[in-house]
Each structure stands twice: as C-alpha cells, then as structure tokens.
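If you scroll down you'll find the structure; I have some questions about it.
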Amino acid sequence: MNKLEENLVKWRRDFHHYPETGFLEMRTASIVAGILDGLGFELQMGKEVMSAEHCMGKPGEKETKAHVEWAKEHGANPDYLAIFSEGYTGIVATLDTGKRGPTVAYRVDMDALPIYESTSESHVPLQKGFRSINDKMHACGHDAHTAIGLGLASLLAANKAELQGKFKLIFQPAEEGTRGAKSMVEAGVVADVDYFIASHIGTGVPHNHVVAANNGFLATSKLDVSFRGVASHAGGDPEEGKNALLAAANAALNLTAITRHSKGATRINVGEMHAGSGRNIIPDKAALKVETRGETSEINEFVKQQAESIISGAAAMYQISYDMDFVGEGKSCTCSKEVAAVLHECTESAGLTAILESDDSAGSEDATFFIDAVQKQGGFGTYCVFGTDLAAGHHNEKFDINEETLLPAVEILFASAKKLGGKG
Amino acid sequence: MNKLEENLVKWRRDFHHYPETGFLEMRTASIVAGILDGLGFELQMGKEVMSAEHCMGKPGEKETKAHVEWAKEHGANPDYLAIFSEGYTGIVATLDTGKRGPTVAYRVDMDALPIYESTSESHVPLQKGFRSINDKMHACGHDAHTAIGLGLASLLAANKAELQGKFKLIFQPAEEGTRGAKSMVEAGVVADVDYFIASHIGTGVPHNHVVAANNGFLATSKLDVSFRGVASHAGGDPEEGKNALLAAANAALNLTAITRHSKGATRINVGEMHAGSGRNIIPDKAALKVETRGETSEINEFVKQQAESIISGAAAMYQISYDMDFVGEGKSCTCSKEVAAVLHECTESAGLTAILESDDSAGSEDATFFIDAVQKQGGFGTYCVFGTDLAAGHHNEKFDINEETLLPAVEILFASAKKLGGKG
Amino acid sequence: MNKLEENLVKWRRDFHHYPETGFLEMRTASIVAGILDGLGFELQMGKEVMSAEHCMGKPGEKETKAHVEWAKEHGANPDYLAIFSEGYTGIVATLDTGKRGPTVAYRVDMDALPIYESTSESHVPLQKGFRSINDKMHACGHDAHTAIGLGLASLLAANKAELQGKFKLIFQPAEEGTRGAKSMVEAGVVADVDYFIASHIGTGVPHNHVVAANNGFLATSKLDVSFRGVASHAGGDPEEGKNALLAAANAALNLTAITRHSKGATRINVGEMHAGSGRNIIPDKAALKVETRGETSEINEFVKQQAESIISGAAAMYQISYDMDFVGEGKSCTCSKEVAAVLHECTESAGLTAILESDDSAGSEDATFFIDAVQKQGGFGTYCVFGTDLAAGHHNEKFDINEETLLPAVEILFASAKKLGGKG
Amino acid sequence: MNKLEENLVKWRRDFHHYPETGFLEMRTASIVAGILDGLGFELQMGKEVMSAEHCMGKPGEKETKAHVEWAKEHGANPDYLAIFSEGYTGIVATLDTGKRGPTVAYRVDMDALPIYESTSESHVPLQKGFRSINDKMHACGHDAHTAIGLGLASLLAANKAELQGKFKLIFQPAEEGTRGAKSMVEAGVVADVDYFIASHIGTGVPHNHVVAANNGFLATSKLDVSFRGVASHAGGDPEEGKNALLAAANAALNLTAITRHSKGATRINVGEMHAGSGRNIIPDKAALKVETRGETSEINEFVKQQAESIISGAAAMYQISYDMDFVGEGKSCTCSKEVAAVLHECTESAGLTAILESDDSAGSEDATFFIDAVQKQGGFGTYCVFGTDLAAGHHNEKFDINEETLLPAVEILFASAKKLGGKG
C-alpha cells in the first residue's frame, strides 16, 4: 500500500469515526481545511462560499452552538473551527496552475446521517475500531467522498507543474435532504467553472466499474408544513376549537392523491405527521414532513404547485393558519456528453470497466444545482459513480464499502483533471 | 255525518287524488281560492303574498310551465289558474268582522311529496278510489291540512256575526324542504298578526289527543353545492384536469365531521352526491345536496358557517370553483304560552285529551318563520298537533290518516278563533 | 376513384350514419356478414365466436331487445339480424386458400361511442349528409376500420388464387371500454393463428405515415363498484343509517391516493360517483366507475389489488356491503418484430412513410388480448397505425378523418397478407 | 384556625408541592396510609383493592420503577412505600363502629396532571412556596380531595363512639383519563356498600354552595390505536410500502365523522396522531389517541362500535395491522335521590347554599363505576360538588382553590356519615 492509499484509508476511517450531519460538519471541515491549506490551495470558507438565505433545513442556533463544543472535544483543527462555528461549513479550495486553460471543478459532500450504526460483531467498522462514536453514521459513503477529495487534492498539488488551467475542489455540506448545494451555487462558487464533476461511490454499481454519466435523478422538493388551530376541551366546548389534526390529515390524504403526470414519473410522500397535545383536547397543532419528486424539474414544479393548493385549502376548511417551509431541493439533470466522454476514457485507461451512461435512479441529488448552473453558462458537467462492494444498502445501519475503491477513484479523477485542464 | 264533515272528507280526498309538489300547487290553490272567494273572504294571491327573491328551491320555468298544462287537464279552477301559473301558489284569505279585536292567523300547507303511493290492496286510498293519479303523494297529511283550512273558513264565514277582530288564513306552498314560508313572511303577510297558529296532523300523537305547543323543531338549512373543475383524459393527460369529484368527496367527508356543539344537538347530512361524466375522464362536475340542523338557530348558524369553510376549502384544494345555493331554511322556536293555553282550553272543552306542551321532535318546519316574526313584533304564536291514527309513518308510501280527526280539528281551531278574536 | 375506393367510402359513411355502441352492433354486423358471405368467406358468428361469460359491461336484456327493433327499422340485413339479436355481435370470416401456409388474422373493431355528434356547419359529415342519425357517434374511427376490413376481404377474395395459407378476419364488438376482445380470445378464435395484425386509424400519426408496431399501450381494468348501506332519516334517527355515500367518498379519495410504482407508469381514475336518494336521508346507495392502468400488466395488477383492499376497507368502515364488477380489461403488450418488419416493408413498397415502432401512447386497447394469446402459442402479432388527417381528436364531437387513408390502408394490409401467407 | 383546619391546609399544600400522576401516587399513598393507620383504620392496599387486569393506561415498568426512587427521595413514608412500588396505589380504609348499621363509603382521588404549573408571580402556590417541584401539577383539585379525605377520617376516628354502621374511605388512583376506578370496583371494594358518596371541588359551583347530586356525566371510552405497516423508500420503491400514516389519517377523519345520535349528546375526539419515521420513508407506524363520549353508556357504546369498524376498515384499506387498547372508561349515571337528600339536608344545616341537583356537565368521571355498582346491588350513590373560588379553570396552569372550602366540605361529609350510618 503506497502512502496515498494509506492516507485515503486513514482519512476515511477518521471521518467515519466522527460523523457529523448537515451544516454541522465542523470537525470534518476544519480538518479538511488544514490539509488543503498545507497542500498550498487557496481557501474560501464559510459564508464566503455559502448564501445564508439559501441554506435549507439548517439546524437552529442552540444545536449549532452545542456542536461547536462537541467538535472542540473531538479533534477539530482549532485553527479553522471558528470559521465554521455558525454552521456554514462549505469550503472551496483553488489551485491555479498559472497556465492558460479552463476552470475544472470537483464536488465532494461531507455530511453523515442520523442513523445509529450497527453494533453487530460482523460489522467491519466495529471490528477495526472506527465505528461511529455517536448516534450519527456515515451510511452513504460521504466519508469516502471526503477522503477521495483530499486524495485528489494531494495529486493535483504534487503534479501542479504538469497541469494546465485552474482547479476548484468544492467541499459541500448537507447533501442529505438536498439542502446544501443551492446555497453554494447562489454564492457563485461555480460562476467561473467550465467543467464540473460530482461523484458518488456505490449505488449498486459493481466494484471496478465506473459510470461516467449518471442521469435519472428526480427533481425534488422537501417541505415542512405546520398548521396552527385553536385548542379547546373536547368534551366541554368542542365548538370553540379549530382542529389542526383534521386539516393535516386531509392534507396528507389529498397530497398523496395528487394526479399522475403523463410526461413522466412523480413521487409524493408525507413521511411524518405529528399532531395534538392530549386525548381530550381539540388539537391545535399539526406538522407534516413532505417530499415531492418529478422526472423533470417542470414535473416536480407541477406537483409542488398542487401540493401548495392542497395545504392551503385544507387549512381553509378548518379555518386555521399554516406555514410551509422549503427545507430541501434538487433538480433533474442530463449530464454533458463532453465531460462524460473524458471520464469514460480515463476509466478505460485505468483498466476498469467503463459504462458511459446510466439512467437507473429514483433518488435525488443536489449536485444537480451545480451541473445545471455550469451548463447554463455554457460549461459541461457530469455526475459519475465509482462502483464498490457494499456490505448493505445506502442508509442501512450495516452500510460499508470496499476501501480498495478509493485509490482508483482518485486516480481516475486526477486523470480527468489532466485532460480537462489541457482543453482549450 | 253533517255537511261540514262530508265536505272535509270530499276535499281531502280530492287533494289526495291530485297531489302537487312545492311551488306547483296550482290546481290545489285554484280550487282553494274559488271556495274562499265564494265564502266571502278577501283574497291576496301569488306574488302579492310571496317574495320571489326568498322562494327557495323553486322548480325551473320549464317544469313550471308543463305543470300548468297538467293542472288545466286535471280540474284546476280556470278562474284562478292564471294567477298561480308562475308557481307563486300562496294565498292569504282575510275575513274582517269589522269589530274591534286582534288579528288572528292560521297557517295551512298544501304541498305533496315526490313519493310513489302504495298500490297494495290494503291501502285505503286505493280501495276507496282516491289514490294518487300521478307519481307524487300526499304522504305527510297536507291534503288534510288544506281541507281543515277550508273547514275553518266555512265556520268563520258562517259565524262572522258572533266573531270579533280580523282573521287571516294563510295557505302556504312548499313546506316540504322548508322552502315556502320565508317568502310569505318577507312579503309581510303576518306583519299585522297578533295571534298565530300553525297546525299539523299526526306526528305520532294518538287520535283524539291534541298538543297545544309543539316545541323542539330543529333550525335547519338546506344547501345545494356544485363544483366545477376541468375535464381531461384520465390516461392521456390527467395533469390537465381539475378534479371536481375529489373536491366533493372531501367536502362530504369533512362536512360530516363538523364538530359537535356543547350547547345542543346538531345534524349534518350530505344526502346526495353526483359527480363525473365518464369512467376515463377526470371529473369536471360534482353536486352535493346538504342539510344542517341545530337545536337553536344559533347552533345551526354555527354548523352552516363551518360548512361554508369546508366547501370553500375543498374547492381550493383542487383549484376549482363552486356555487352554493340555500334552497331551504327553518328556524327553531319556542311556542307562546299565551296562545297555547287557549288551544289547550278549547281542546278540553271539546272533550279531547289536551297536552300543553311537547318537546319531542328532531324534524324541522318553516312555520317557525311565521312564529318568530309574530313573536318579534310582540304577538304570540304556537304550533299545535292534532293526533290521529296513522296507517304508516309520515313520508311512507302507505301513509294514511283517520278522517275522523278532521272535524274536531276544525272545531277546536274555530273555538280558538272565537276566544282569540275576543281578546283586547 | 376506382370501385374499391368508392365502396370503402360508401361503407364508411353508412356505418358512420348508423352508429351502434358495444354489444349492440347488430345492424353493422348483419351488413358485414352479408357482404362477407357474398364474397365467399366461411362465417362463424355470435356465441360461436364469443364466450358469454367473458363479455364485460354488456348492456341488459331490455336495452338489447329494444335495439333489435331499432336495427330492424334502420336497414339491418334481415338474413343475419337474428344471429346477433342477443348482443353477441362478433364475426370471424375465414378464407382458406387450400394451399399450405400459415394462418393470418386481422382484427377489425366496429363499435361507436355514446357521444352526440357535432351539428356545426363546418362538420363534414353534416355537410355531406352522413352525420349520425341518433345520439351515438363514430368518434374514434371504427366506421373506417370496418370499411377497411371489408375492403381487405374484397381483395383477398378477388386474389385468392395467388394467395397461400388461411386468412381470418375478426370483426370484434365493444372495443371501447376494452370489453369485447377477451370474450373472442376465450372462445378460441385465434387458437390456430400464426400471424396477427390489429390496426387503427389516426392517433396523431400524420396522413401517409404508417406505424408498424405501436407499443406502449397501458394495461387497464375497468370496475364498477356499488355500495349498499341502510337509509334512515337524517334528522330523526341518523344512528340507524349506514352511510354508503361516505364509504364511496373514502374509496374515491383513497383509490386516487394509491402509491406510484417505481417500475413504470400507472393511472387511477374514479370517473363517476352517484350516491344517495334525498337530502334528508342517510344515503344507502352509492356507485363508482373506476379505471386503473399500468405500464405493464403486472403493474396494473398491483394497482387493482390495492384498489380491491381500499374498496373493501371503505365498506367495512361503514359496516356496509359492496359489489365490484370488472367491466373491461386490457393488457400491455410488445409487438412482434417479425410481423412488424413485414408491414414496414409493405408500407415502403406502397411509397408511404414507414415508422417501425412507436411508444407514444397512454391509452389502452383490448387487441392486446389477441396479441398476447398469439404470442403465447408461439405466433407473432402487431398493432399498426395508419396515419390520417383528423378534424378533431378522438372521442371529440367534431372527429373526422381523411377518407383518402382508406385505400392505402387496405392495400398495405393486403400486401402483408400475401407476404405472411407465403411464409413457412 | 382550629387544628383540623390547619391540618387540611398543610396536607393539601404538601400534596400540591409533590404531585404524582395516575398509578404513580406512591409518595401520596404512603403518607395517606401512615396517617390512616395512625387513626386506627383497618387498611387494605395495592393489589388487594385493585384488579391488575382492569387497570387502564398504567405506565410501563421502567417509568414505574424510576418513580419509586423519586418517591423515596421526596419524603414518601418508607413503612408503606414498598406496598405501592408496582404502581397499585389504591387504599381502602375501614372503620367499623361495631354497631348495627349500613356500610357507607366515600371516594377520594389522589392523582395529578402532566401540566407545568404557572411560574407567574401572581400564582398563590408560588407566593406561598408550595408550587409543584416537578413538571406535574395538581390542576384539578385532587390534592384538596385527598386532604378532605384525611380530614373526614380524623373526624370519623375521633367520633367513633357516637357513630353507627361501617365506614370505608376509598383512596383511588388515576381518576384523570378515567383509568383507575374500574380496577377497584372489579376488586370488589364496594361489594358490601349501601351508601356511596364521591365528591369534587370547584367545577364552576360558587364558594359556599354545594350540589348534592351532580348528574350529567358523559359515559366515555379512551382508546389508543397503533397501526403497523411496512416501510420502504418513497423514491426508490414506494410500492413496497404499506402506509400506516394514511390509514391513521383516514381513521382520524372518519372517526370524527361518526354520525350524531338522536337519543342524546355524543363526543368524539382524535386528540393526537403521531406517524412516520422520516420524510423519504413510506410511514410504517402511526398512533392515535382517541376518546368517545355519550350522554348514556348505551350511546357511548354505539360510538365505540362505530369507531371500531372505522379503525379496522382503515387498516384493511392499506393492508396493514393494528392494535386497539382501551386505556380509560367512564359511565353515565343518575345519582340516587335517597343519598342526595341527606347531603342536601347536611348542607342546609351547615348554613351553606344547598343545590339538590345539577345537570350541567360535559365531562366524564370514573366514580360512576362505583355508583353504578352500588346501585346495581340495591344501594344508593351520589356525586356531590363543593363549590369554591377558582383562580383559573380546571386543568389550567394557574388553577388554584380557596382553601376555606376544605373545612366545611369535611364537616358536611362527616354529618352525612352520621346520618347515613344511623339508617336501618
């Protein structure tokens, strides 16, 4: 195992051991910043690279403050922690070769999930001592993504002399729930980017296989709805109440009944409902967690508009008020053939199995915000997948990867950097 | 059998044989008008005694016109038919004794029901040859009421010399569905009335028993709701439709779920729903027939207001429009002890069993509009019941009465006229 | 215009003038039978070619009997009318060349729609005097299909000498609502068929274009649901009722809320709901017209099973009973390349624009039952479309075709018969 | 202030300071037991006087065990705590005079509510230093009831010589939620009782007024419903899920839509709903807290049966399973005139305003189980109310009483004991 491979495994296990959920990746970001700084990258961080107004579903001040303490106690790099202490944990690291050439960007996501990691003796992270120390878990592979991003940074820095153009590594918070990308796009971090690559590990693609263009993401919106009625005693004066539970129950039913769309697939889910404060009280409060999806952004927009009418009408039926917050958003996208072709070539050169395009997804991703922005300004973007062996599916408590995937992923991305930087 | 009794039976059977539903009582009214005219009453008729704007649930022009022909062919009095040919079939007949005294009014309802009368051989109207000749039926006893009204008129006219004050006989259309009374009240027919008596036959009270004050009517509103969405092909472009059927289904469910009221009984019923125009079409039309009831007019008003929010919110959920028409209305009321006492006394004098007050009803009546108006101007009103033997319950296809109830009813009402006219 | 073309137009206009809906195509079938008989085809008709038990949504005896009279009065061929007088209006006409070769079948549908045809002066059938004489309408082109079928029969008969194998022309009732095909398949009419072709005119394909394999039909089920509760007076004793309207409203809402399927498109529509018998009666009856669709038969089966649970659960909620009748069914299918290739070749030879395959449909068809049966026994089937100019979309009151499509359609089908009969 | 009055206030404030909710009244019961024991009462406690199987809504083992520790740390009487440590906190204290006479029982409830007591400076318990030390609160007056029970015990013991018959003081747990009485009735604690009196303080009756017979309690049932479906990813394979949230939403809506009853008032409330475990997961769990009420036990039974059908049908619609637990129950009752008359007389003798009967309640009480049982065995029971000044309504965080009500309440109850014990 060479030094780079050792580092990749070391980094990945460290991030796995100390998982942090969206907008709280303070320890992770501080360590990433320290390493990138040491490699000679120019850093922009925190609110410089994130529009506060476009952060969705960001935890409150209390939770954020408490996490600063946690990060401090668990090995955050003290030189950078303060920068991320308000929960704006994004980093853009730039390496300018000084030589003429395009700007090439790579997106890396860093957040973990609120899942309690398996304590089964067969679970490798437990056996090898890097199981999560808290009740969060890297059950989607973003620990590996962050390590791959740092590996790519190492190679770019070490080989700067032979590269052309400019390279930007985008370390993004809060991909889970599709909450973080939009704020970085709105802050302009890809405004100068010509080529853009986001990557993911796993997703059912076999080890040593690489998909150069993963299309098929569904556009999505996540919304939190809260209804506010009036409480009253259910026996003594029920007519004084305004029933928020019934408004929410109607909303849930009718949201699910939103019509199919002839132009493509849709999804709608009311994943949670919590209402009422006691058996004998007319319920004055109700909350729903909702998500919509559509095969295209237009179809998702259609579903969203139906949803708004239903929620507003359900509140009106019961003479109550409501709030609706958008706490996540993802677009549909079609990857650019121009950049996918380069990745495909690099994969073949590396001796791995190359798949040009796949359409096989019913999930959502907010890297699509970056791709869409780059394409709109005339650039090219793709979303690629590095296949690996999975111990269990994504978001499962026994999720684990084959660490032998890390090095080839870094090498293929680095090869793409060389090729893309040399364009134009 | 004296002449009066013979007439009562003849009249009742004639009306029973030729039943007419609300706002179509043209034959009935024309015959009533002819008789009253002959007795020397001063007549006001049609729009003179009915506010067109306050008629609720009146049949359309086409049906009304067609019925004129029917009435013509079935024995309507041609001297009066034209007056009632637009469906304003109310009559107020006044007998002024010229002597000082109060104004005393009696309400008589004339309409039949859209029920197909029994063809069973045991059904007395069939045996005696006066079963309905069409598909309507006097299944509530208004044929008897009309006959009693004419009987009372006969006695008043014959005994004018010994009476004091002024007497008004109000022949009202469309009591069924509580649709006709309001229009007569709004036309001012009881504006000068000091004492008011409405009466009903049957309702579970035994033969030869008379209830002087029948309280307990529920206030009620009848509303017709129609939703208008947009049709589209359910397979080809479902997203182009706006679903009126689902809006109506939501309205029906949530109307029924309107909260109970701690201050008294309520009712809510969605009695009919008709929606859609084909299996493979997103339904663009839906109609509901709704009624609300409340132990008091205030409680009914509460239910009505909830209903309006629900209907409006259900339409908003599906981005569609709606119309809501009030097609019937009844109030709750408390009978005046002053006039009930007189009836009670007259009943006892007649040797029948007198019951001062009963509270036993979950039905509705629009005579309550008259009582309420009279009471509000300082007068007194009551709703009395003449018990009889019933062959089957009201609104049943085998409904029939004991005709021996007719004469005592007339005599007691006439006795009350003598007493009340002599007051003040 | 040659004689065949004249006949095609004459036949089409005659059928258009006298439209008959599903299982009532008595006049049409009697005329078709007469012509085919004259051409020397061997005929099987009525229950011989239709399984009574698998007819779906067949009109009742009364309506069927009444239509016999209508057909008699409107030019039915008296020699054949009796055969079709119970509504089994299918015909299979066979021409055996006596020469070795496969059995080749063509499906033709004959039924019209319950649509009132346009009376606009710009409507060509009105101008030329063949607008519908009743309140039905050939608004989908089955009049043209029947004419094309007769045209094909003429050419087959006239050119028998140069043909090989055996030819079956299947004249099917009740394609609308996907109600008739299954009964003919179940009667075994394609049990000996090697090649099968169904065809349709229009569907958005341009004039002089022919689609050889029209895939993309959604599998479908049509179901009629009736709920039976208990009526009671909504004011007097609401607790005695069992509310069928509310059960149906719940079913309608929850049917529409059946989950999306990740494997392909679905549809669900409650197209009609009729419930209740009076405003002040707890509704004891309710009926729904429902249809489900799925991109594959398996997906449609999934939706159907969810639907059954919902309907049964909704009835249970209100302690009432229900009936569920399947009144139509269609499969999804994939056309056989083997036979599509032949049609494609014949189209090109005829100098028209040939399209091998189209996937563009969200409708349903019961010809899929024939194709599925033929494929399952090792044969080959396809569904082709002859493009034409449409005055308005299918099922629109102004629908009309370009009659110049008739002749080429017949010629291409005849060419395919020559080629397919020569196989093997 | 005499010694008894001082004790009443001291006891009441102590219980107020250390509130304990239903089936956790361990500190309270241990102190009560110690005092009663000291007064010479014969004690039966815990499972001796409570049927475990009929305890409804009893907290789980973990919570119960934790509370033992709390009680230990907060002044529970260590001599009795062990008896109540499993949460069977009922006590029956008997004083047998040895003299011939009937058995007379008094019911006292001891539990507090899960309400956070006001911290307003105007709140008297705060000012005087006996505000609750935890997050529970005596916001219904059971602290006063317990004190009154002890006061009555003091007088009975002190005056044993002049009394006749046998006296039972029943200290009941968990009256809130109507959960505890049934288990004591089933354990037979009133099987020998001839006269029974339950009492309550406040409820809107003015200070120095006493209602001898408080009728009008609604019969009630409390039920917890949990639905169990199947989770799946809402984007990736929604069709694999079985949606418990939608089943619960349907149940909530249709429960609320249960028909009114013509024989008397009803109530139905779905007070809480909690469903689902994440926005993008088809919800596999849902829970409802429901209560029904009826003017009579029969009417409540009707509502309960409708509720069961609805819950079972809603689960069936979504092919899921459910559990339904009855966690509370109360009966309607009519107080016995025989015992009410005695209380009325005692009130008048005490110089307070006596009200024989009141009907003014829409609440529920499980003392009705005792009254019903006593009446069924030929005895007499009543529920009386001692009026007081309330700082805020029952169950309000600012609830407080006028402590001057305590002494007269004790004296009137003691007077009734003298009179009733002397009967027969």
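Here the chain labels run A, B, C and D in written order, and each chain numbers its own residues starting at 1.
Please note the rule applied: contacts are C-beta pairs under 8 Å (C-beta built on N, C-alpha and C of every residue); 3 or more make two chains touch, one makes a residue touch a chain.
Small disclaimer: the values here were computed from a predicted structure and weren't measured.
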Separation of subunit D from subunit A in steps, with touching chains one step apart: 1
Most widely separated chain from subunit D, with each centre as the mean of CA atoms: C
B-C against B-D, pair bridged by the larger set of C-beta contacts: B-C
Between subunit D and subunit C, distance of the C-alpha-averaged centres to the nearest whole Å: 68
Where subunit B and subunit C are represented by their mean Cα positions, the distance between them in whole Å: 52
Subunit B and subunit D: spacing of chain centres that average the CA atoms, whole Å: 50
Per-residue multi-chain contacts in subunit B, two or more chains: 236-238, 243, 246, 250, 253-254, 256-257, 259-260, 262, 267, 282, 362
Subunit A-facing residues of subunit D, complex: 177, 218, 220, 222, 233-238, 243, 245-246, 248-250, 252-253, 256, 267, 269-283, 286, 289-291, 293, 362-364, 395
Partner subunit A, residues of subunit C touching it in the complex: 253-254, 256-257, 259-260, 262, 265-268, 362
In the complex with subunit A, residue positions of subunit B that touch it: 236-239, 241, 243, 246, 250, 254, 257, 259-263, 282, 302, 306, 309-310, 312-319
